[in-house]
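Each chain carries a letter (A, B, C and D) given by its place in the written order, and its residues are counted from 1.
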Amino acid sequence: MNSKQTILTHSSVIPDVQSEHDSRKLPIDRVGVKRLRYPIYFEDKFGAQPVVATCAADIMLVAEQKGTHMSRLVALFEEMSAVTQKKPLRVGGLQEWVTRLLDSLHAQNGAIELLFTLFMRKTAPISKIESTINYEVRLYAECKNGVYCEKVSVSVPVTSLCPCSKRISDYGAHNQRSVLTVSVVPKVPVFIADLVRVGEEEASSELFALLKRVDEKYVTEYAYDHPRFVEDLVRAMAQRLIDDPRFAGFSVEAENFESIHNHSAYAKIDFWQSL
Amino acid sequence: MNSKQTILTHSSVIPDVQSEHDSRKLPIDRVGVKRLRYPIYFEDKFGAQPVVATCAADIMLVAEQKGTHMSRLVALFEEMSAVTQKKPLRVGGLQEWVTRLLDSLHAQNGAIELLFTLFMRKTAPISKIESTINYEVRLYAECKNGVYCEKVSVSVPVTSLCPCSKRISDYGAHNQRSVLTVSVVPKVPVFIADLVRVGEEEASSELFALLKRVDEKYVTEYAYDHPRFVEDLVRAMAQRLIDDPRFAGFSVEAENFESIHNHSAYAKIDFWQSL
Amino acid sequence: MNSKQTILTHSSVIPDVQSEHDSRKLPIDRVGVKRLRYPIYFEDKFGAQPVVATCAADIMLVAEQKGTHMSRLVALFEEMSAVTQKKPLRVGGLQEWVTRLLDSLHAQNGAIELLFTLFMRKTAPISKIESTINYEVRLYAECKNGVYCEKVSVSVPVTSLCPCSKRISDYGAHNQRSVLTVSVVPKVPVFIADLVRVGEEEASSELFALLKRVDEKYVTEYAYDHPRFVEDLVRAMAQRLIDDPRFAGFSVEAENFESIHNHSAYAKIDFWQSL
Amino acid sequence: MNSKQTILTHSSVIPDVQSEHDSRKLPIDRVGVKRLRYPIYFEDKFGAQPVVATCAADIMLVAEQKGTHMSRLVALFEEMSAVTQKKPLRVGGLQEWVTRLLDSLHAQNGAIELLFTLFMRKTAPISKIESTINYEVRLYAECKNGVYCEKVSVSVPVTSLCPCSKRISDYGAHNQRSVLTVSVVPKVPVFIADLVRVGEEEASSELFALLKRVDEKYVTEYAYDHPRFVEDLVRAMAQRLIDDPRFAGFSVEAENFESIHNHSAYAKIDFWQSL
């Protein structure tokens, strides 16, 4: 078919197609891998825990090069998985991995993303029974034109109770599961647990896996006493973050999975102007 | 590389690998295609409407045959898409397509599945303003050992309000989005719209896309007046179906996306014994 | 419980909680609804077709107002669904709906998003048999500070065949399903069908729902003759769009669901600088 | 509003609504919780590892009782999470938890389901470089009418290469990511790692996260030398399990995410007759 069979008799001369020259004069903003899964140890306020991360990494590819060496990006996560068993990853800790990424691929720009479920222990308000709750975390670290930036996001499930429904109804008020998402660019190391509290404290009520009846009575009445529109939720969270010197910027989102509709109500405040 | 190039000079002699003999003496229960998408017209109580179906079809493959002819299964959906533009599909209408499926593949057993979103118009309880709501439908039709069976399922989003929370709390009660799923094996043609009503009428409240404030007051108070555990929801739906002579069997499910937890409560009653 | 019961005796005096004053001096970038489903008629190069859209809309809420009137956003989609039955929506057609959105909510900024599956007919390369294929479309229209912008994205499933695997192997080459996403900001009306062709023509091979054996031979050999890295895919698509005067900007993405790995390879070129 | 406020002054007299009598004479097949997430330690052939499980549990509720005590089902997973930190869960180990479930809720029938990602180390075929790969596992344990049954399922991503495409084409052959699912009811403890090998060994090629070019050449040629229809994949896996005395029954499935189509080919063999 062609002459390559002869060339390839010895694996030592297997050609490096990716390193060949590309004449199209088009750099590529992002080239990489995604949807990898790796076990990682992550440390937050209450200690280290094993997490299962969905991972992505990409670099900017210069115009002259035909392809990147994808296996080096995979190898980075293999190493991160091994290293963090002994020295858990923390917020802020992706900077060294982005540096390794750029070095190993001789790239100017690059980014790493990790998505994982983080567990925390919670204490029920009256019975004091303990249980576990899960939060979805996203860490995104990027180096672009020499500037490093790390963005930390956490999604916090809560209860929201509608102020309008409460006010206009003789009794009751519709309430529902909501997801609040707090995203920050920290200037100093922060705990995800503290970002979670921003959401939980500003909701109509926080959630628990285990509630005794005395607790259920408490959270029901607490939510009724703390009605919040989706607009209230994001304004309240923004007020908590807006003057906080630890953050170079933030966004806060709320999505209510409305109990009286088959759609969601939604609000978002972006505060990235200082970036 | 091998001698096949000579053989294949003329496409008229392209070998039919699938039709070759398999010596492993293993029939295959299901061989087919899935995750196809097709535009279909579907007719229910309130007229015909275009739907976008996610489609699957499979047949039982006899032990002697190496492979089935997958393209015939795809061709079936091409034809169904074309034919239903003029003569919309209805509940019960999959029987002729299952017959065609078995005929075209000389198969004894086979099945077709369609999943789609069905829209219905609803009228708000007080303002009488109209709006559209969507339900997820599954049609599953199977011929096995000469017996044809069609199963119709519809998922109905509703509000559920917790009787325990209402009773133990001085005010308020947690409520949330729930999804009720009604599945039946009809002996006679039925309307999906009628199955939807079974769920909506037994919930704490049905849902609407558009509600004025007078309506919001109404549904809030209505839900408070009709508290339902997940257990109540399935029992109430089962009672509606259990003595209905139109059905050879049914199942009813309820899932509450709890507003005070980050997990779901769930119940299911199966009533297939007569099948 | 409180004095509201008296006030609410007549629905005519139901309070408008959303219109109350908010003292926190925080405008909200986006307030709205999402995850709504509506039947829409959409017209592209080959005529109009019914689609099922997942819809979202939001507006910027001024600092002084406590809440937006969510029902007006829902009413907009109710009207869009009705109007497009007679006058199908086209690329560029969301501008009038964004204008209505801003007017009805007295908002300065606002956005509408529609996601839907679009079907097109394709002809197999040799047998000329026709079949249907589906593409995922996203229309995003925004008015921000008086400037209107519409972004059109379409995801195109294709085959990619690895140039490295082909070159280094004595026979065969790994290939896989890839999804190419073409996003443009058109200055003039464009057809989504034309954006689809940009992806299909630059892939190792385009896809078809129905292929006869003569076609399967053709696409297998065609893909082997047109190996493409994920980097090649985005560069080739970018070259097609970069000098096209119809577009104010674009991005092109490729994701290969690698057949030799359990993860994806990925590339993206952004060309929004002219915006 | 009603007299309950007086009753509830002391939490010690909070009524137990769930324990009340239900007069509808309808037992409920399944009542429980789902979509819980818990950290669990799981031990397989190569040692114990932390996994993040999505958990569900349900029991049969007798006709006389209005509701089950959902919090006891949640407490079960809290305890399982704690206990497995010291004594990891293994295949077969859910039996004691199902027993506890039935005991704590005085139920005759009940079931537990765990879904999680399991990681294993793999060695590339030529370079011998090691990397990590992930498999999706489902454990389902049920006690029904006094009979205990545990079903173990694992999904194995592999490469499949089409025998027809290879035979009819002058060069190349379409291949793609496939997912093979092996489900067994073991009579004796088995390792999930051994079930994984059944799928990987019968595929056109197994997958690796990290491959050097010498490995990529090897797996490309290996897949070309081992073409498999979706039908071949399930027959080959079935042959491996059919005479294995360790299993009381099994099913094997294969789904090919076809590289030349935008849909999947699919096959399944069920072998549960001995149950």
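Remarks
As a working rule, contacts are C-beta pairs under 8 Å (C-beta built on N, C-alpha and C of every residue); 3 or more make two chains touch, one makes a residue touch a chain.
For clarity, every value in this text was computed on a predicted model and none was experimentally measured.
Shared contact partners of subunit A and subunit C, listed by label: B, D. Centroid distances built from C-alpha atoms place A farthest away from subunit B. Centre-to-centre spacing of subunit A and subunit D amounts to 27 Å, using the average Cα coordinate of each chain. Subunit B and subunit D have centres, each the mean of its CA atoms, that are 24 Å apart. Look at where the CA atoms of subunit A average out and do the same for subunit B: the two points lie 34 Å apart.
Each of residues 1, 8, 14, 36-37, 74, 134, 164, 168-171, 209, 211, 213, 217, 262-263 in subunit C touches at least two other chains.
Contact residues of subunit C toward subunit B in the complex are 1, 8, 11, 14, 16, 36-39, 49-52, 71, 74-75, 78, 81, 117, 119, 126, 130-132, 134, 171, 209-214, 217. Put simply, subunit C touches subunit D in their complex at residues 1, 133-134, 157, 159, 161, 164-165, 168-177, 205, 207-209, 211, 213, 216-217, 219-221, 223-224, 257-263. Chain contact summary for the complex, subunit D toward subunit B: residues 1, 4-5, 8, 14-15, 17-18, 22, 24, 26, 28-37, 56, 58, 61, 66-68, 70, 74, 163-164, 167-171, 229-232, 234-235, 238-239, 242, 255, 262-270.
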